[in-house]
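Structures incoming, each one as structure tokens.
Two complexes are shown next, each including chain A; its partner changes from chain B in the first to chain C in the second.
Our next item is the complex of A and B:
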């Protein structure tokens, strides 16, 4: 079931939550809506679900216009940020709820409901906990029950709002992998909202980066990481060092003042920043501020001649060879960088 | 099952022994002077003429009529306020609209004005000289100095109880579960019946108990609209007043003791429901439960 979003806009009290969104979500994909808080990602998800209605624009499920359809008739599964399990019902009754609420003619028999719920509890690895109440479950278990409940009505689309937001790091990592695995088994078109770029990259087939009510870029995790189309996407997908400078006639980036044609900034990932003791043509002088060991890698903070703090990530081995200490004078050189003009456009030749 | 969290007392905020005992004694003395002794005296005064006179006062036709009227009034006012209260609380807790704070103030109005004024409002509206008086007289509808007036005044005075109890409860629960039910295909009515109501039932019952207690005990507003017609428009509190004014103390206290028993039952129910509400709050907020 593909989802097509056309020219969707939404305003809350003069606040532009969504600004002319166009998006295509192909059948069977797991797509992440990624962005900082307040970027409109949750609003977009709720509009897809029918919990919120767009001021302008249309939503199509598999080519069918569902814009005016109520949430009941859209056949979506929705997993809420805080799970929203029915607290007065057992796990079994929570999962069975959607089936029991069907109109009498379509309602499965008690026996069918029993076997369906058992299947789903097996799927989410929660068999044996059917008689528990939500308050007796851990956060991760509640999350899985919320998923099983959403899947019970066989939705055409699964929507998840910050599904791992309220969990601790370890459970979160486990559940991420598990969700990815679940999606590979069930193959239902899924959209999930997150503000965590690592989560988006790890779980999804495709990431939609949003900012201030607009879609900044859509692509696979690799595409986004390697070919960010603007500084916002580049910065949002990982740590970054920014060098201010200029372009010359051949669109080459320089930090010195010669041959200036247009001002530009170069964006460099910490692991692409090379540190050496010896100067060479293009390198920049810097002072070591701190050396922090992060297990497998070492993070070095530096202050360059323009008084900008830089961050470099080295392997443990390299750091041992260099033997950096606080206050050392070194030279840094980007191995790879992405240059954007002042207006945010990518400079092709870097 | 979860258990209530055990409150450990911090010595830092514990007062010296003499302060604690003084405070406890003051409270106890005050309670006995103003609550316990009057309560006991109601029963002793009622039973002063012996058990036969005590029961005779209750089965006398005017007393029975007063008891019946009180029960009828409560039987109409409480269910209506249950429906109004749930509707108002729902509207305030779940929707955003202009004039919401005005509505909240209006719900509190019956608490804010003196019951006598509440009664007077109905006389001014529906009495013979009132705004709708002529029209009502022409249509041969009698509200004031009749049962409908008493019911109206009682509904007005007891309106806030259910709504006041439910608004904070509904607000604290948010819309998540209702939204989840709708996404799963439930209709609005199914959502209310299967999701909202089970979550608020104890708070609702608490509001109903308070509403009922007030409906049966209301004096001021009812006194103004009733006209004190014996056997017809006298509720129990009014009947007590009339008997007392006629120096019929034994009968007055006997009927009063019935109201007192009612209050004691209400108190017991209220304590039980309060305890249930508290456990429900703990269930709602699992972080508080241990």
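Our next item is the complex of A and C:
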């Protein structure tokens, strides 16, 4: 079941929440809508669900125009950040809710409901908790039940609004992996909203990066990470060091003032920044500000000659060989960088 | 059990608090009420039974309990509606209406009774239009219901309102996304959540209606056997220095009210766990 979003715009009290969005979500994929808060990702998800309606544009489910359909008739499963479980019902009744609400002619028998709910509880690994009430469950368990409840009606599309947002880090990581695994078993077209780039990268087949009501870039996690099309995407997908400089005639980037043609910035990931004790032609002098051990890696903060703070990530062994200390003079060189002109266009990937 | 409670409590002072509660309740509620029973016991079982089963007294029970029950039911329905409108919609003058709800609490009940009686009498603002239709409100049992409805309105609104406020919109959205119709959403998702406070509000309005005197006597007409309420009979007996007779009727009211309120509280434990 593919989803097609065409020219969708939405305004709230003169605030442009969504600005002419076009998006194709292929059948069976798990797609993340990623962006900072207020970028319109939740609004877009709610418009896909039919909980909100676009001012302009259309939504198609598998080529069928569903723009005017209400959430009731769209056959979507929706999972909320705060679970939205029915408090007065047991886990079993929560999952069975969608089945019991069907028109009498389509409603399964009690026996069918029982076996269907049992299957779903098995799927979300919550068998044995059918008689509990939501308040007796942990956050992670509640979200699994919410997911089982959404899947019970066999939706064409599964939509998740920051599903792990209210959980603590450990449970969140566990549930992420589990959701990925679940999707590999069920293969339902799914869209989930998140502001956490790590979560988007880890779980989804494809990431849609959004900002200020617009789609900045769509691609697989790898594509986005390696080939960000503009500074926003590059910065949003991970920590980054920015070097201000210029381009020469051959579109090569320099931090010095020679041969300036156009101003540009070079973006370098912390793990792409090489630290060395010895100067080399292209390296930049810097002072070590702090050395912080983060388990497997070591994070080094440096101050370069332009008085800009840099961040580098080294492996434990490398840092041991270099034996960096606060105040040491070192030289840094980017192993890999991405250069954008002042207008945000990509120049080259050196 | 008591000891365990004390050990696990974050705030200390369980024994002190419990002791004070019992002392306070005794002083304010139990001792005065026990005097009613004490006074009654001076008259002997046979006389007691004759007094409390007198036809005029029996008629007054019917009027009092009946009118209070109907008024409480009206309040449960319309109070829920008012609470819903106040919580769910934004409109001009909402704060004003919100404040208006509490007015029956603040108004001296006699003022309410006089106001209602003059509006609903056959030449009053509303009464003059009802009269040709054959509906008489003032000085009939209907008038009692109107007065008790007026008095009891805030109870339901104010008990249901905070619960409606806490009810997440997401619950309704979740129900709709699962295919529930609007009616099913209300019946299976919203109503079970607001049923307990609604019942509490109903019980409070009902209890208030049973004891209401001030507003009712002005609008009821107070005709024996037709529109005479039990509290008025008690006052009448007191004015005739028949203290034992007055307390005897009071005892009956007290016991019946207690049983009814207790039953309503029991009802709260029963809530629909499952929806069809």
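Throughout what follows, the second predicted complex is superposed on the first by the 347 of 350 C-alpha atoms of A that agree within 3 Å, B and C clash if a C-alpha of one lies under 4 Å from a C-alpha of the other, contacts with A are read in each partner's own complex, and residues count from 1 in each chain.
Following the convention adopted for this analysis, a residue touches a chain if its C-beta (ideal position, glycine included) is under 8 Å from a C-beta of that chain, and two chains touch if they have at least 3 such contacts.
Remember, it's a predicted structure, so these values are computed and weren't measured experimentally.
Applying the stated clash criterion after superposition on chain A shows that chain B and chain C collide.
In the superposition on chain A, A:90 contacts chain C only, with no contact to chain B.
When the two structures are aligned on the shared chain, A:135 is found in touch with chain B, with no touch to chain C. By the touch criterion defined above, A:123 lies against neither chain B nor chain C after alignment on the C-alpha atoms of chain A. Judged by the touch definition given at the top, the superposed model places A:166 against neither chain B nor chain C. In the superposed model, A:318 makes contact with neither chain B nor chain C. Overlap of the chain B and chain C interfaces on chain A comprises residues 49, 51, 71-72, 76-78, 80, 82, 84, 86-88, 97-98, 101-102, 149-150, 152-153. Contact residues of chain A toward chain B in the complex are 49, 51, 71-72, 76-78, 80, 82, 84-88, 97-98, 101-102, 135, 149-150, 152-153. Chain C makes touch with chain A in their complex at residues 168, 170-171, 173-181, 184, 188-189, 192-193, 271-276. Against chain C, the residues of chain A that register as touching in their complex are 49, 51, 70-72, 76-78, 80, 82, 84, 86-90, 93, 97-98, 100-102, 146, 149-150, 152-153.
Put simply, chain B touches chain A in their complex at residues 2, 176-177, 179-187, 190, 194-195, 198-199, 283-284, 286, 289.
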